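These are the structures in question, set out in turn.
One chain, chain A, links the two complexes that follow: it is found with chain B in the first and with chain C in the second.
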Partner chain A sequence: MSDFDITSQTMDGMGPHGTKVGLLRVLGPAHVWALGVGIVLVGEYMGWNFAVGKGGAYAALIACWFAGILYSCVAMIDSEVTSTVASAGGQYTQAKHIVGPLMAFNVGLYLVFAYTMLEAANAITAGYLFSVVATMSGHTGELDQRPFIILVIMFLAWLNYRGVLATLTFNLVITSIAFCAILVLFLSTSGILGESILEHAALFEGHELPYGWIGVLAAMHFGLWYYLGIEGTTQAAEEVRSPARSLPFGTLAGIMTLLIAATLTWFMCSGVLPWEYLGDGVNGSVAPLFDTARLSGSTALVWLLGFGTLFATLASANGCINDASRAWFAMGRDKYLPGWFGAVHPRYRTPYRSIIFLVPIALIFALGAPLDQVITFSILSGLLGYTFMPLNIILFRRKWPLETIKRGYEHPFHPIPAITLLTLCGVTFFAVFLGYGTQLVAMIGFYIVVSLWFHFWRYRFVNRGAQFTMPWPKPRGY
Partner chain B sequence: MTHYKPPTQGKASQLFDVVVLVVLTVGALFVPLWMGMAGAAKSVATPVANPTWEALGQNAAQAAKYEALGYTPETAHDLILARFDYSFSVTALLVMIGVILLYYFLILRFSEVEYREVISEKFGE
Partner chain C sequence: MDLWNWLEYGAWALSALLGLHMAFDWLKTDSTYSEDVLTSSREGELEAMAEEHAEKHGVRS
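Up next is the complex of A and B:
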């Protein structure tokens, strides 16, 4: 056993990792929960319903639970590795220490693109919400949503620039409100408080599986949207007070919260909205929980879910800026990207250059691409990242068996979660192929080109041994 | 083992690297859109002339929901009848599988070569 102990306050391997000042260590488990759930909860408010369109309501429920299994595996695997790799960059830093530099570069890009495109999708939804509110307030004609999209991204980037504690405390508050709004809607529409308005049998009649079982497979594509981003909790690794305790606790509490929220969301929306309308997130139901509240006939629920949707999109965009900038910053600090990005603000202790740089990137996607395409690119980047995780944990256990490094958390039944995760990733690749095969090939083509660019050009600027920053013993087999 | 000393990268070169990455990223998203190969579009295979809720396959409860949402049979026609086409060619599927496997083979192979160099420099030979 090495002299490194992740559960210790003095030997946990934390530090500035190459910068003059380190990121600020101020976060607790609640902030980790708020980061993970805050990014993801918007998936319950919009986007998941594309799964209904791909295969019908039952298909979306099956996809919800299978995607739930996929993400439970992600959360367990991630909790073990990240409770040991206490450094910003999350899975990027894990890959750098466990698999190798090129894999790490790719994983870093998966993270940045998954979060930046999710941020863009959130901004699009926020712009839509403002236009709905304008119409409900008596505005006539088409409201230009672009100023609201720009404002949302700029405001949240500014908040992130100013400090991580305020950013994630803000997330904690608005995420809690958005989650409570789902619970209140469930209590109000399911018959627990007042009369039930759910009509599952009548609405499903004749449309149980409109595409047959291939629709169930196809629905897995957007089934990921229920939970996409929970793995982002690891980005806080360098800013939590106790990584060994906070990261596993916050991540596992987060996935449990999301499993409940996702199932309740499907139950309410599919019992109120016809599947064709619910499943069309562009021309039909952009914000299904909000639409469900509208059909409940309660003005209070409409306002509550309107604010819930807005808060969920803001919390998600906020968390995405936080996570994407940490991954970009970590790559800059290691010179995987120009070293200019690897700077910490001397006063606010945030990766401010990375935060600012990613703003126009998010705006390009938010203002220039349709919502379903943006979501698909986010999902694809996430999916490539999930495919890396089983390889990561298998190599981690092989190179550093349990007795060589003390973990903050050891996930059970290894390697069953890794094999399950890899199998479900394969199914999801096929689901994406069924509707978005061109994007899938274009995306992988992009990663192949940038991988060659990194290996043959960029890697020359990287300091070989110094990028291995964790105080671990030498890996077995080397 | 002699330690590798990376060259210092000038500001112009750093800027050029960033531009390359941004162009590739934007291209990966927008080129399929510009070329009309984005896919996933739904279409109505058999349109219904003079649609009614019954002709659109909607029972009373489903029709009532559509009316509550502000739809008529005419305005809901495309929304209700549009479907994805899940037919695919086995060749296209095999190409996709091949591309994914090639990609992972490439990055794992190059990573291993780079990783051995990192470990030998970090821990010594």
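Up next is the complex of A and C:
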């Protein structure tokens, strides 16, 4: 019998390599699901409908399903690699082991930027939701959104600081409510329970593809919004009880949930709201599911979807804080960043310094940057991360074929998912370039500059010997 | 002043309270424990344990 107990609160069995205080392994597959779906589901409540504005309702549906293929590939590839490289940092740690330090540094920054920007965008959205509720409840004058934006970030950071189990259990509850709200709205508006209010034929007539096929291509940019962030499940790798089982299970269940939620969302909203109104997420339909509920005439549905919108926003910000702090922590632990960030709280067992450090950064973006710019930088960082994944899995399978390392999950049809993902990333880069070319170039320029800084200065501080921790055989060809 | 004005003040106060709580706990933790303990976390401990366990008990994966 083994002489260690990894569930012990005082001695977590992490003695072999000298860990005195490590992250706590307390999560199960449901928490992994809540982390992934929680980050993403806000994209169903708002944001995806900009795709309708780019190319009409059908274009948004095509983008929804193509982006669904892209993210199914992401989920499968991630599940295989992370069930083998089960450490905090997710794709950063994968890149470190499989590609090399410079790639790892870049991927780590993609992750931190994508999640911190998304957290800021969610806080801005929550502030806006509070102002809508204030107006609806008879408040006169303009509500100051800043205290509510700050409260969202501070409360969720505090929750993350206090422990991962409470944080992701909270996410599990509010994400489940937000997902169930979408199902209830579908049952109530589609004719399954009561009378249908959907009028697709009348609304689509003459507006099938208003901007032709280039509109479909442009819609791909916001098609990502349906699923952006599902890859965040990998950040829980060091805190799940059984990484090889829980991570693939939670991630794949998550992408299935999102495929259902995305399709139902498109079906309901496009059947009720005219495409010109639905596609204008600023002056038209800011929260399409909530607007659909309002048009249903049911007060109960309005309340349910109102809470669903707020819960989805909070769940996303909560998951983003969790993920950004793990990526930052992992980089600090390897000295890719100052080692000070690699500290774990001895009581709460969380990367507390990383959590606190990222709070003011999120606040600066939430209070000082426009929402569409914040979202665009989040999408761009995410997209750069997705482009890395196919290269990562191809190298992983080439260096360590299936018979050399036992995986918790083996994704099927390799290399078809990798090639599909790479192709769809290329298409999406072009779509983003059509709308936000300047930001794309600026972002790539930024990563080139920080890469030079890392190569010529920072790498000398990295724990070169200690950074490769997996007990893998020598890679094939080396 | 209506309810929402009070809620605004409440949100400012609660944010400050949560921020102060984190800052206080952070400083207390840093002054109570040595840096060696706080930054002792190492990646791949589970793999190391599995490997050690396999070696100790002659189990091959």
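Some notes on this structure:
The criterion applied here is as follows: the second predicted complex is superposed on the first by the 458 of 478 C-alpha atoms of A that agree within 3 Å, B and C clash if a C-alpha of one lies under 4 Å from a C-alpha of the other, contacts with A are read in each partner's own complex, and residues count from 1 in each chain.
Rule of thumb we're sticking to: a contact is a pair of C-beta atoms (placed from the backbone, for glycine too) under 8 Å apart; a residue touches a chain by one contact, two chains touch by 3 or more.
Keep in mind the model is a prediction, meaning the values are calculated, not measured.
Once the two structures are overlaid, the count of chain A residues touched is higher for B than for its counterpart among chain B and chain C.
Once the two complexes are laid over each other on the shared chain, residue contacts for A:216 go to neither chain B nor chain C.
In the superposition on chain A, A:438 contacts chain B only, with no contact to chain C.
When the shared chain is aligned, chain B comes close enough to touch A:273, but chain C does not. When the two complexes are overlaid on their common chain A, residue A:453 makes contact with chain B while staying clear of chain C. Within the superposed three-chain model, A:54 lies in touch with chain B and out of touch with chain C [touch as defined at top].
Looking at the shared chain after the overlay, A:99 reaches chain B, while chain C stays out of its contact range. Contacts of A:198 after superposition: neither chain B nor chain C is touched. In the superposition on chain A, A:157 makes contact with chain C only, not with chain B.
When both complexes are overlaid on chain A, the residue A:339 reaches chain B and chain C alike.
Judged by the document's definition of touching, chain A residues 339-340, 467 lie at the interface with chain B and also at the interface with chain C.
Those residues of chain A that touch chain B in the shared complex are 53-54, 99-104, 106, 113, 199, 202-203, 205-207, 210-211, 214-215, 218, 272-274, 276-277, 280, 283-284, 291, 295, 335, 337-340, 357, 361, 364-365, 368-370, 372-373, 376-377, 387, 391, 429-430, 433-451, 453, 455, 458-465, 467-468, 474-475, 478.
Those residues of chain B that touch chain A in the complex are listed here as 3-4, 6-7, 9, 11, 14-15, 17-18, 20-22, 24-33, 37-40, 42, 57-62, 65-66, 68-69, 71, 76, 78-80, 82-84, 86, 88, 92-93, 95-96, 99-100, 102-104, 106-108, 110-123. For chain C in complex with chain A, the touching residues are 2-4, 8-9, 11-12, 14-15, 18-19, 21-23, 25-26, 29, 33, 35-53, 61. Of all residues in chain A, only 2, 4, 6, 13-14, 16-23, 25, 86-89, 93, 134, 137-140, 143-144, 147-148, 150-151, 154-155, 157-158, 161, 238, 243, 330, 333-334, 339-340, 342-347, 352-353, 356, 359, 406, 466-467, 469-471 touch chain C in the complex they form.
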